[in-house]
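You will see subunit A twice below: alongside subunit B first, and alongside subunit C after that.
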Partner chain A sequence: MTTETALANNNTNKPIISDSIKALITTGFKTVLVPFIGILVFLMLWAGAASKIDTSLGKFPGPSVVWEQMGSLYEEHNAEREKEQAFYERQQKRIEARLAKDPDYVPKIRGYTGKETFLDQIFTSLITVLSGFVLAAVIAVPLGIAIGLNKTLNAAVNPVIQIFKPVSPLAWLPLVTMVVSAVYVSPDPLVAKSFLNSMITVTLCCLWPMVINTSVGVASIEKDLVNVSRVLRLPALKHVQKIVLPASIPMIFTGMRLSLGVAWMVLIAAEMLAQNPGLGKFVWDEFQNGSSNSLARIMVAVIVIGFIGFLLDRTMLQLQRFVSWDKAGTAS
Partner chain B sequence: MKWFKPLKSVAMSALIGVSGIASMQAQAELGYPEKEELKFGFIKLTDMAPIAIAYEKGYFEDEGLYVTIEAQANWKVLLDGVIDGRLDGAHMLAGQPIAATMGYGTKAEIITPFSMDLNGNGITVSNDIWKQMKPNIPKRADGKPQHPIKADALKPVVEKYKEDGKPFNMGMVFPVSTHNYELRYWLAAGGIHPGFYAPHKGDTSGQIDADALLSVTPPPQMPATMEAGTIYGYCVGEPWNQQAVFKNIGVPVVTDYEIWKDNPEKVFGITKAFSEKYPNTTIRLTRALIRAAKWLDENNNANRPEAVKILSQSNYVGADYDVIANSMTGTFEYEKGDKREVPDFNVFFRYNATYPYYSDAIWYLTQMRRWGQISEDKPDSWYVGIAKKVYRPDIYEAAAKSLIKDKLAKVSDFPNFAEEDGYRSPQTHFIDGIVYNGKKPNEYINKFSIGLKQGDKI
Partner chain C sequence: MNANEKANVILDISHIDMVFDTPKGPFTALQGVDLKISKGEFVSLIGHSGCGKSTVLNIVAGLYQASKGGVVLNGKEVSEPGPERAVVFQNHSLLPWLTAYQNVELAVKQVFGRSKSKSETKEWIEHNLELVHMEHAMHKRPDEISGGMKQRVGIARALSMQPEILLMDEPFGALDALTRAHMQDSLMEIQQELNNTVIMITHDVDEAVLLSDRIVMMTNGPAATIGEILDINLERPRDRLALAEDPEYTHLRSEVLKFLYEKQRKVESISKHKVKKESSSSKEKVEAA
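Take a look at the complex of A and B:
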């Protein structure tokens, strides 16, 4: 009897274990293997197509060449850092030599004058997009709340927003450039003009989706919540802080996520167009150089741009999930 | 407070005394640079080499200058950068400071203490045009085309396009660029009219009466524009002629060395205001550039391979080593496989290449007059006046003398400053055999069969 039950137990246990293994395998299959195969097939297609395309700069770069260039760009970055080190050491010596001769000299350390490496350009683009984005948020969120709360204001501002919303920020670029160079004059500027140009372009790009989403979010707060606030006789600021903001946060973040994605795309184009430092300039410079490595280097930039765009989107999504109370609309 | 005034005047006179001593010392010994952080612009061409070398070899730093070098999108952006102060100085077309000072285009006082190189340009035509031109070119015994190829060979092709009612478009880099004048010189020497300018009528396209229509394209984009079929040929500096050979899209037919042997090319331009505000800095940057140019030509071009390696870095010219090396190391590839020796294709220092001769500036002025960019007759004295405003051998001389004093250069490296009057002796090596004497610009203009002469106006 006991052996029988043991056997029976054994019999019932086995399928349970294999079920969980199966489930594990299927999820593993779905989350790891399938994407892996997808990427592999893509790489093979890419390599196959690349070897068939002849450009005047040589063959279109395949995955292996691009990988090689990724390595060489990183090496160039390291080499440049070493040069930078040497630059500062030389400068130090020169200052000391001059101080010995000319004790009144007030030494000032001059910044490194070498080129910006690929990694520097990535960093520049990231800083630009984030500062432009933050500036847009600072303007757009209060504006959106005001518009959402006040129907009259909404009616007044809405036509302007509707007209400017579909304009590509690149169309603004020449105007931004001219205005910045006319207004922003200082002998010792805090940030470069080119940085301001790119940043304002990003801001213009982020502004409209954020304003619209915020105002819609604020306008569609449930009546019950508004009534609660009325009953409690909350002052205006408290009303915004306790009722409006929490209720409209999911919509605000949806707007932010949307605009950050577009901003990243627009920034690269703006940098290319205006020759402002960043990944866009890197792509354009390489195109102009027309060396046999240029296409592979541009491809590296393309992949990096895509990867950073993906990371930015994921980060915004996590943020959105973290701050949203209803977890709605955050499915990836 | 009566005691204050005399004290002040005493202090003042003491101050004057000190500054007097300081200025005397400045004459004896070159002072520290007034501005240490500088930004220089350039266009991606091999003749920007002196700037890259002065940076990479530490010559700028030796002068206490911390220089950032930045590629510019085109010549207009570069010039505007220097005028509005975004750039402290730049690699410029020789015609740019002259035209700016004269007020053709943007008016601004720009000077040059340093001429960057001789020669270095070429004229390239597309494969299709080359095929049509080739039967008209005399052959050598070995079957290769005889050089220099004259525009006479191109003339029937242009005429055919004209009969078919198709415009014959060619590219050059800027309205006042060397390339524009060289291309015009070559075309006109072969009987092809490159067109007049008429700025007094608001026509700055330069296509009045033209057989071949010339338009502006930035140098790095020349090969791509020709590949797209927008232009049939172009005149540009290196490496963009050799690049056409490598990419198999065109054939360089003539170098500017063959059009005019040892012609002056780029200059280093700064604003007059900069040179007055920062005199020591100006002399010091000239010193660094002279040293760089000397290094480039030293020991019979021995350093050129290293220079090519530096230029092929993506932040400088960025083209492939082989493409740049072709012209920089003394050879030039015409038709694919037809590589010929042109040891003086790029001259940076020998033949006093860096000395800013007035006669060089005057040649550019004569061509501006010839093609109508200067629409009115001018006396010879006017030509000299403009040349002396823009070309500043005095600064060069100060820099050269201090280099000699510091034992960084030899007396024999430079012209004899005591006797030099700023004019090269009459130059004879032009493709059409016409002699140029810088002292008689009007007489020179009258010698050309195509072009405006004394008294002509469009």
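Take a look at the complex of A and C:
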């Protein structure tokens, strides 16, 4: 940067490069080049450190090995899909052949029961975290609004929230598992029990930050705005719809972003612990598997988990920008 | 107030006491406030900070309940806030997520509801924004317009409710001197046209003399009440430049100043002065006037 300032100083009396181009170069430097260098340095440090660590499963995977495994995980996924395709084709042919011989035959179609690929696991985890998150939002936002509007209710609910808030959702996991398997009994279940376990764990994790942030947002609405509503004699429902909800949208979103970030971390842990399908289970299975590729595959999962967490946060931010009037709160 | 005006009384503030419960015990903010206001009258409330001007206004608005006594508007006792007593707040209090137009629309739709058709509603909203000269920025949001413009929209919103009485709580207190002068001229212009009944709280002696038919001067709290009432019989329309030389104007102005600085001199210790930043700044405003 010092050379740049020196250049800029030299150029003050003879503006060869126009200011706009200079600005473009500076921003390009900051937004593209510097992060790129950062990543490059990280990869070099990683490669250097990895080559020095020997584990019982071989050397710790460096960037190149991990990149390779990323490719092979994708190929495995494709291969599995082809196998599935082939399975259904075979089944179809068998049924047709049988029907040709015996027209009264009632065909039985069996589902494919191959193992879930890495991509399937990603998909499962995403669906789980989003369902749990949405369920939490559906409960937390109205509850938060009610608590924020009513001081008595706040006093009643607050101790419960304060006690449950610091509890790791993983502590709930055994309880959730037992309750789900006791209550959710159906011969033809709509969703798997394991999915329900993970989802409820995510919900429990998201609930508290959302309730707290919503209620704080609602309680801290400017008094003048409330007075406007009183002067206009807005009915309660319209008051919530026209004043309370828009006013507290920034805080609601803060709570949502906080909880989605935590939820994603907790979900992976919950899947590892409870052997529920998802990225966490993938990591655990690879660990138990203990092949020479395992560590590299786990590293792939680590990167993917990080990347998805980042994308989830960005998505929420974009959603907030779209919904919220307060652009100041969405700067980062 | 002459006999003719007395017959026309629209608002009767009678024997109001206001006692607040504080952790240190009850605090009497107002005691025996008595005031009758006629239709079409413009009344200013002036007094030092903390004398309970805003409390009087909030009681009339229905936002506070008086501990004793009551307010009667058009023969009906005030018990809750309502659009017939529209309030212009000091900090505009526009909804930041709505445009100027939508802010007024919320009020118009709530007050007139189905009694105005869609096109009538639109026309009425635009008419009120034109009154305050905001037609060019109707579809801008509060954070895109200046402080003076926000206050204009706030006034348009209050006017759009067609209130029986307009309550203004230091409407121009947060504006710079030039903008304030503009706003005062606009308000006089609107007043000329609509002849609303107005109660305005102010710290500004010039503003009070320029705009009012009567200035109600309040004594210092606790247990504040009305000290003196000054009739302003300057001819309308008033022109601030011409009035600056007018002996009658100068006299009225010095009457208010005398009340504030001789009869109701506010002596505050220095430490209290530091704590009460708001009161010191308002005092400066009066001094600057």
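Heads up, the rule we're going with is that the second predicted complex is superposed on the first by the 302 of 332 C-alpha atoms of A that agree within 3 Å, B and C clash if a C-alpha of one lies under 4 Å from a C-alpha of the other, contacts with A are read in each partner's own complex, and residues count from 1 in each chain.
Keep this in mind: a contact is a pair of C-beta atoms (placed from the backbone, for glycine too) under 8 Å apart; a residue touches a chain by one contact, two chains touch by 3 or more.
All values reported here derive from a predicted model rather than from experimental measurement.
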Simultaneous placement of subunit C and subunit B on subunit A, clash or fit: fit
First (subunit B), second (subunit C), both or neither touched by A:R230: second
Which of subunit B and subunit C A:E271 touches, first, second, both or neither: neither
More subunit A residues in contact [subunit B versus subunit C]: B
Inter-chain angle, subunit B to subunit C through the CA centre of subunit A, in degrees rounded to a multiple of 10: 150
Partner chain in contact with A:R90 - subunit B first, subunit C second, else both or neither: first
Partner chain(s) touched by A:Q288 [first = subunit B, second = subunit C, both, neither]: first
Contacts of A:R98 with subunit B and subunit C, given as first, second, both or neither: first
Subunit C versus subunit B - closest C-alpha approach in the superposed model, Å: 53
Common ground on subunit A, meaning residues reached by subunit C in one complex and by subunit B in the other: none
Of all residues in subunit B, those that touch subunit A in their complex: 32, 36-37, 44, 55, 58, 61, 64, 66-69, 71, 73, 84, 220-221, 223-224, 227, 243, 247-249, 312-315, 317-320, 323
Subunit A to subunit B touching residues, read off their complex: 56-57, 90-91, 94, 98, 102, 105, 108, 110-111, 113, 115, 181, 275, 285-286, 288-292, 294, 297
Subunit C to subunit A touching residues, read off their complex: 61-63, 80-83, 85-87, 89, 91, 93, 95-97, 106-107, 110-111, 141, 161
Parts of subunit A lying in touch with subunit C, wherever the complex brings them together: 222, 224-225, 227-228, 230-234, 238, 242-243, 246-247, 249, 325-326
